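Sharing a structure with you now.
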Amino acid sequence: MKASEVIQLLEGLIEEVKTVGNRRVFATASKERFREVLQRLREKEVRHVSTISGVDRGSHISVVYHFDCRPCLLNLRVDLPKDNPEIRTITDLFPGAEIYERDLMEMLGVKVSEHPDPRRFFLPDDWPEGVYPLRKEVKQP
Amino acid sequence: MTVIVPVGPQHPALKEPENFRFEIRGEEVVDVDIRMGYVHRGIERAMQDRTYLHNVYLSERICGICNVVHTNTYCQAVEAIAGIEIPDRARYIRTILLELERIHSHLLWAGVAAHEIGFDTLFMYFWRDREHVLDIREAVSGGRQLSATNTVGGVRRDIKLEHIPRMLDVLKRLERETRRYLEICSSDPTILSRCEGVGVLTKQDALEVCAVGPTARAAGVDWDVRRDDPYAAYGDLDFRVVIERTGDVLAQILVRLGEVIQSIEIVRQAADRLPSGPIRVDPPTRIEPNEAVARSEAPRGELLYYVVSNGTDKPERVRVRTPTYGNVLTWKRMFKGCTVAEIPIVLASIDPCMACTDRVTLVDVERGRSRVVSLEELRRWKKW
Amino acid sequence: MGIANFFRRKSPWLLHFDSGGCNGCSIEVVAALTPRFDVERFGMLAKGSPRHADILVVTGPVTRQCLPRLKRIYEQMPEPKIVVAVGSCAITNGAFDGCYNVVGPLDKHLPVRAYVPGCPPRPEAIIHGLMAVLEELK
């Protein structure tokens, strides 16, 4: 899908839409609306999640889903409160996101509910519980 | 009765060494569990604490094999947030270096794959030819492995006129050799019996688990970032995207060798059309709050950088999605139904940044005994 | 010079371990085995098991997860054993100094006999480093 088609498809569900060049769309969705966005994308045969990025913004945590709509890349941001960052898994619709969500859980402490395999993936076995290396409050040694 | 076979974590030569636990029934692999993190260094966090220019050198050291594509994608992302247009000559120089890297990386992989099926002579041949590519890289950029050429705003070193004839000369010889290897790989009975129909990834599965790069193209997914989301000078050049349908290890070999030939063609075109002019523009030190995503087709697949700036000289966040990371889940599908003897070649088939010269422990669950064998021993195991 | 060392000097076996490097050095170690450099002409052979090895070649900064495994591999090697640090990361942590998961450099944890600097060092330099260790066995 082209950038304009993606925006048209998700009309009403996404806010703060920004198009850069021909093939990059940045947008935000609320946590409630997010599920609906996924379903619409899935209906249009979007199947490739390039990755999921988590960004600690100080006051909140932004989770950015990079959907490859071929050739347009949709970067969909969902903001979560820092005291209780929780979001439902997308692996039921996009099975390829499994590892990215495990990464998100251990690096930023985002709770991904209903994840099929919420074990650690990158951090060492003796890494302390509750310390998330990409959070701002964690200082480098 | 199923048996658990842990492989790893002693994976010499890996960027991301993994620990695999294979569940085996008789000779057949039933399931596999993957654990990463043995080489996790915390680069994404370190990037937040260093300046934009400093990070170019850090991103180069994420992967020693595909370093040009890492710096290239990082620089593309930073150039996009800062709103810089790089000069045409820099775009072409980047393209030449990127393609030389693809050639050496694919030859390296082909050598490793030959080693994994026990064909060490071919391994030595591939690596002998790879040295010629490294020679040109050294002449052009000054480094055999790390080129340190890309920087934010362009490139640091120009390609000298006298290097081009030498480069084309080496490529001519390399093309002849690669065509010969393609013929060997599609006809030699040793290779066919170890690779044909082994470690199959169907197109359906490839799409489902978001496979990228040659692994996906071997399964018939028609997607290449160079053609479909062009960067550097790829938009101006003609090349073919190599696709196979079968998705087995043989298809992966054919895709990668086919790509070597296409890369040689791209370097020729880029060297021929190399525009004159400056090679670099000055980037700003501080960058206003913004965000950008850049992606490239690394030798192993789609590489993605997501950079967020916050108005200072250091990025707020740099997210790196390497191609092997995207392909990890494909293993789960490929291993179903494989035999123990096929583990090394299927592991290597997606071209993970690794070569598992490894120890394997066989644990007999029912009797509770374990014995250690090396992967070398495993390589000699027969299917029957 | 004992008789074991006399023969070991003619055919030392190598074990290569990547403790978290970027692959650059690892590939150069492998390149040293291939036709152009051919370390085997000095009788050196790369082995997969620590129990067969005389020289441990380590590349990369030591990561937290790798450290216990690295120590275990070192303990499994038969005496006398030699450790060679290859590349800037193994020597000083290199570009990864200050990363949260890096606990190197290598000589903090294992006795290192030879250092091969470079990022990555050329295969010739690696061979030179290995030959220098062999001289010490005399």
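We just call them A, B and C in the order they show up, numbering each chain from 1.
Assume a contact is a pair of C-beta atoms (placed from the backbone, for glycine too) under 8 Å apart; a residue touches a chain by one contact, two chains touch by 3 or more.
Since the structure is predicted, the reported quantities are computational estimates derived from the model, not experimental observations.
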Would you say A-B or B-C is joined by more C-beta pairs in contact?
B-C
Greatest Cα-centre separation from chain C belongs to chain A
Report the inter-chain centroid distance for chain A and chain C in whole angstrom, where each centroid is the mean of the CA atoms.
41
Whole-Å gap between the CA centroids of chain A and chain B
25
Residues of chain B engaged with two or more neighbouring chains
37, 40, 42, 45-46, 49
Per-residue overlap in chain A, given as positions that touch at least 2 other chains:
123-124, 133, 140
Multi-partner residues of chain C (at least 2 other chains):
63, 65, 98-101
If we count contacts the way the header does, which residues on chain B are in touch with chain A in the complex?
35-37, 40, 42, 44-46, 49, 80, 207-210, 223, 228-229, 291-293, 295, 302, 304, 306, 308, 316-317, 319, 321, 325-326, 328-329
Residue numbers of chain A touching chain B in their complex, please.
20, 23-24, 26, 47-51, 53, 55-57, 64, 66, 70-71, 73, 75, 94-100, 107, 120-124, 133-134, 140
Listed in rising order, the residues of chain A that touch chain C in the complex are 123-127, 133, 138, 140-141
Which positions of chain C touch chain A when the two form their complex?
63-65, 98-101
Give every residue of chain C touching chain B within the complex, in rising order.
15-31, 34-36, 46, 48-50, 60-61, 63, 65-66, 69, 73, 94-96, 98-102, 119-120, 122
